[in-house]
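Each in structure tokens, the structures are laid out below.
You will see two complexes here that share chain A, one where it goes with chain B and one where it goes with chain C.
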Partner chain A sequence: MIFAAGGYAYPNAKVRALRSRRLTAQDRHFLLEARDFSSFLAYLVTTPYGRVLPDLEEEKTDPGMLERRLARSLMEDYAKVTRSLRGQREQELVLALFSRFESENLKVLLRAMFSGRGKQAVSHLLYPLGKLSALPWDDLWAYNNPAKIADLLIRNPFGQALKHAIPQFNVQGRLFPLEMALDLSCFQRLKQAISGLRSRSDRKAAKRILGPYVDILNISWVIRLKIHYGLSHEEIVNYSLPGGELLTLSHLHRLALAEDISSFLEQMPRSLQKEVGEVRDWEDFHTYLETWFLRLIARLFMGPPFHVGIEIAFLLEKEMELTSLITLLEAKAQGLSPRRTVKKLPRQFSGVAHV
Partner chain B sequence: MRIKRPLLWISGWFFTLLPCIVWAQEAVAKAGAYPDAAKWGYISAALAVGASSLGAGIAVALVGSAAMGAVSERPEMAGRALIFVGLAEGIAIYGLIVAIMILGKL
Partner chain C sequence: MFRPVKLTRLTIQAPEDQISAVMAILGDLRLLHLIRVEETHLGHLGYVAHIDTSLLEHYDSLLARANRLLRDLGPTGPSAGIKKVPQPDKAVFRLEEELAHIETEALGPLERKKKAKNAISEHEGLIARLQLLEPAKIDLDRLHDLRYVTWRAGLIPEENLNKLEQSLVGTYHTLIPVGRKEQRVVLLAMSLKEDEEALLRALKSAFWDPLELPPGIHGTIGKALDRLSAELEHLKTELAGLDTEGAELTQKYGARLKRLCEEILLARQLLKAQAEFGQIDHTYLLAGWIPVALFEELKKRILKATSGKVLVDQVDPKDIKEVRSGILKIPILFNNPMLIRPFERLTTLYGTPSYEELEPTVFLAVSFLLLFGMMFGDVGHGAILCALGYYVFRKMYRYIDYGIILMECGVSSMIFGLLYGSVFGLEDLIPALWMHPMEEINRFMVMSAFLGIGVISLGLVLNLINVIRQHRYGELLSTSGLAGALLYWLGVGLVARYLLSEGLSPFELIFAKVAAGALIILMILQRPVRTVLAQRRTGKKWRHLPPGLGGTILESFIEILDDLLRYLANTVSFVRVAAFALTHAGLFIAVFSLADMVQNVHGQGIFYWITIILGNIVIIALEGIVVSVQTLRLEYYEFFSKFFRGGGKPFQPLIEEEELPGHVTRS
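Showing the complex of A and B:
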């Protein structure tokens, strides 16, 4: 206990101080109820996110650019949390979680390459990764072939994954196999990072928070691959992420085979059924699951403090706050009413507006 | 690392207790009528100071690093953080008071 306290006193206090900079209930209320996009932005600069929006006047017509600017706050927190952790294995866990953003930027790079566009044309879609990313981005942007990119990254899990997926890419002639390979490699790395943690309490806490997170992603992916991509159930299961806690392979098989929402609900694990029981539309699943996940995070912060789960929970909570904020930003840019916007946000974010 | 930590603990306690025993033996030689009382008195006083200083050291290390973590993000919390570091430091003073009280009885 005393060694765990010694190891986590500093990062824990730092994370809690960072967590105190979340949007307050008042912020969320005013952002949701803002009359239009410009009043939304006017309020946003007064919140902790205002720090990453210095030259707002020039960019306020482009929500896409603002989204990535807002993400800078999350990237900075990743860097701070990584630096605050003492153990290399704990740092590796945070970096494995961070690699999802590197993967997103690699996907943008591949799409730009595939459509013959340069870095300038897609720069607004890139996450501002900063110094935390060790990938050779300048060299990567200089190439114009996925095989060369795989060769350049061969010592990195991304390179291995791309190399394995390139034959499929060549056969199908689309980026989907490469994108899935990048995503799967991130979560494989995450799973390895969890099992590489030294202390049992760290492993348990990391699984407790990342297991349900992977479950949510798997459910969302099953829905996306089934409804939007029309893939067969074998393919859907094949693309599922490793490291889930509640969903087994047989759950995923049954979910992929479900024909409508009611049968989909019946095939979910029992502990999740009550959380999503009120869902009537495929698009609502993610919001309900996110609400449940944010509740899990809040519970974790009230429990024993000295484990790596606190840092992971903070980063995921912040990421979800950012996602909600971006959803709100897009809704305001499109002129949606607060009543319609609320349905797209987790209850923790939108709840205050109903009081 | 697994072997290092217990070794550090054992050697730490050893070097804390060793001077107590040595000084206590000298005191016993001088004490005369109640040699046992003086011996145990000095040992207790040394233990009270030694153990409480060790405890305070550990507490300050934990509270101090947590305070630095919080202050690095929210500098306005520096005053409040210092109070908690002071509370941790207080543990050593309790030990010193107890030791003075013991020595006063000898």
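Showing the complex of A and C:
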């Protein structure tokens, strides 16, 4: 315990300092109630996110471009948290979590390659990863073939995953297998990083926070792949992410087979059923689950602090705040009313919004 | 050697039907620096020649075909050599015919060889796939005969096996892991035929890499492997036969094919060069620079080849107004012996000499080797540098110049090593023919300073020659001219006299004061006087003194102070030669001390020698670089800055040697 306190004193202080820069209840209220897109941006500039926004008077305010600009704040926090951690294995855990953004950029790269567009044309879709990403981006952009990219990244989990997915890419002639392989490799790496942690309390804390996170993603993916993509249950199970805590493969299989919302709810583990019991629309599942997850994070911050879970929880909490902010930004850009927007946001973001 | 090759300006007017013949002769002669038509009045008026694009495209296709044959036949020997530079419009027919002849004989066997290679590669792939399934000891015929069951063989990532199993719950199936390869499981997956689609969906989403087995494979995998291995052997034998046939073709046509390629390339270059000519109606006009010595030969050959239908003239550069006014620059064609030629690279790194200037490469080469040798004098190290240089010279064609420089530096080091009596830092192996630098530090420093005086004086003399050749007489009285040089030599003389006799006579003192005073006054006044004279010439009149005269005098005064200080600094700068020679010896002392310490600790001779060898490697690498940089610095900053102005234009021959794959011989 004393050693853990020594090891995590600085990272925790760093995280608490960074956490103090979250949007306040007042910020969330005014952002949600903003009259229109320009008022929303005018207020956003006054929040901690204002720092990463471009000069709105000079540049064109394209929502797509702003989304990635806002992400810079999260990327910077990843770098700060990684630097604050002393152990290599703890850093690897954060880097594994960070690799999801690298994976997103790799997907953009592959899509650009597939559609014959250059980096310039898609640069607004790229996460500003900064120096934390050690991938050879310049070389990657210079290639024009997924097999070569896989070879270049062969020492990285992405390379191995791409290599294994290339036969299916060749058979199917579309990027979907490669994109899925990239996503799965991130979570495989995350799972390995958790098992690689030295301290038992670290492993337990990391599982406690990342397990439910993977569960939420798996439920969302089941819904997305089933409802939006119309994939079969066999495919849905195979595309599920490893490392979940509450949902087993058997749960996922049953969820993939469920025909309507009520049977879907029935197939969920009991602990989750009460959280999403009120859901009547497929679209609402994610919001309810996020609300539940944010409660888990809040609970974690109230418990014993000396473990790596604190850092991971902070980064995921920040990511969710960013996701909510982007949802809000898109809603404002489309001119949706606050009432309609609230339904798409977790309760922590919208429910306590008052001055 | 001290001057670039003397050039004359050549102008040729040729009718359209003769231009190809003229080009062939110019290409053969090589030493022509074309003046681009865009840079001339004719070009400005739009009279630019057009390339025959269809002919160029024909050459491009010939080149592609020839390159394909070259790649497939892979000849290694030298080219047959071009006897005569091709005349592009005529040569294309001959080249086409020759190439077609080679293709008729070579393409058939090459195609068969390619097919055999593909078959071998397919067989090897199939064998590798079957070997993965071998542990299952499957009879493929029995699998093919299954009526209600479908099966697939392939690989999936290890971590996906559980998910695949779970995804098929509810479907009758079996998954048989057969082996492992690179973090993947070799799997035989089976299901009822009616569930085939579900099985395929599950496999696809588990990143299935199918092991395709062609329908012709029968029996047990072991037997199939035996049969395929036998077929593979047969194919290899066939390929060996085709290889022999290919080798014979290479032997027969290799050199000829290379020569064909060279001819095609040369003809293309000549065609492309036409874009730099002028053209008025059906007459081509071209101008360029050519060595004076080659003009008559060129003229004779062109007139003979065109039956006198072409006008060939030369103009002396002195008679060209644009050259006199400096608008048109005469290119520089270096003219140095082989051992000096590599140093041209170092000269051009500083700047390209102008046509009227002295060509400084020979001075650079001699002083570079002298300074390098003095600073890096060691017989052993010199020999290593020499060997390294020889290796670069023999093995790295692109850096051949640096190889020669390295060898020469090595020889210089060895000579100074003999003078210093140093072999790998050991100073008791051979006697010093001159001195051990560490034992006579003061003398060595004085020697270095005098060497500096010599180098600077040489720079000043070269500058005087340049001033006279370029008629810049006004500069004779400046600090960089004769007045400055005399003042510098006066100072040097006084110091030398003082050091030799430990004092100066009153006469010498008075002479020095008067002479220095007069020279300084001359240097101060020369610029204002020149300004006044220039204004007089332009007809300007003033009441008292010309405006700005005071400022000019002050500027001159400051300039003289600055230049005199620079002379002093430049001379002292050469003391570094001694300093680096001493560093060289000092580093050896450090290495030997370290070796002694290591020996004392370990008590083994081997460690002593390892330290000595590593120390020597470090000294050669580290000091070699430092000494080269310092020598170059002395050359550029202390020597070249005294006389070398640069700003010239390098001579660019019509056909660059490096652009051709082999050597093209002149007829």
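We take it that the second predicted complex is superposed on the first by the 348 of 355 C-alpha atoms of A that agree within 3 Å, B and C clash if a C-alpha of one lies under 4 Å from a C-alpha of the other, contacts with A are read in each partner's own complex, and residues count from 1 in each chain.
Basically, contacts are C-beta pairs under 8 Å (C-beta built on N, C-alpha and C of every residue); 3 or more make two chains touch, one makes a residue touch a chain.
Small disclaimer: the values here were computed from a predicted structure and weren't measured.
Trainee: Superposed on chain A, are chain B and chain C clashing or fitting side by side?
Mentor: Result for chain B and chain C: fit.
Trainee: I'd like to know which partner A:Leu249 touches here: chain B for first, chain C for second, both or neither.
Mentor: second
Trainee: I'd like to know which partner A:Ala165 touches here: chain B for first, chain C for second, both or neither.
Mentor: second
Trainee: Once the shared chain is lined up, is A:Ser240 touching chain B (first), chain C (second), both, or neither of them?
Mentor: In the superposition, A:Ser240 contacts chain C only.
Trainee: I'd like to know which partner A:Ser350 touches here: chain B for first, chain C for second, both or neither.
Mentor: The answer is neither, since A:Ser350 touches no partner chain.
Trainee: For the overlaid structures, how many degrees, to the nearest 10, lie between chain B and chain C at the C-alpha centre of chain A?
Mentor: Roughly 90 degrees separate the directions to chain B and chain C.
Trainee: More residues of chain A in touch with chain C or with chain B?
Mentor: C
Trainee: Applying the touch criterion given at the start, work out whether A:Gln91 contacts chain B, chain C, both or neither, answering first, second, both or neither.
Mentor: A:Gln91 sits against neither chain B nor chain C.
Trainee: What is the minimum C-alpha distance, in Å, between chain B and chain C after the two complexes are superposed on chain A?
Mentor: After superposing on chain A, chain B and chain C come no closer than 30 Å at C-alpha.
Trainee: Could you tell me which stretches of chain A are touched by chain B in one complex and by chain C in the other?
Mentor: none
Trainee: Note which residues of chain A are touching chain C in the complex, please.
Mentor: 160-161, 164-165, 167-168, 171-172, 177, 180-181, 188, 231-240, 242, 249-250, 252-253
Trainee: Inside the complex, what are the residues of chain A that reach chain B?
Mentor: My answer: residues 2-3, 5-6, 9-18, 20-21, 80, 84.
Trainee: Using the touch definition from the top, list the residues of chain C that touch chain A in their complex.
Mentor: Residues in contact with chain A: 157, 159-160, 162-164, 166-169, 171, 183-184, 198, 201-202, 204-210.
Trainee: What residues of chain B sit close enough to touch chain A in their complex?
Mentor: Residues 5, 58, 61-63, 65-70, 72-74, 77.
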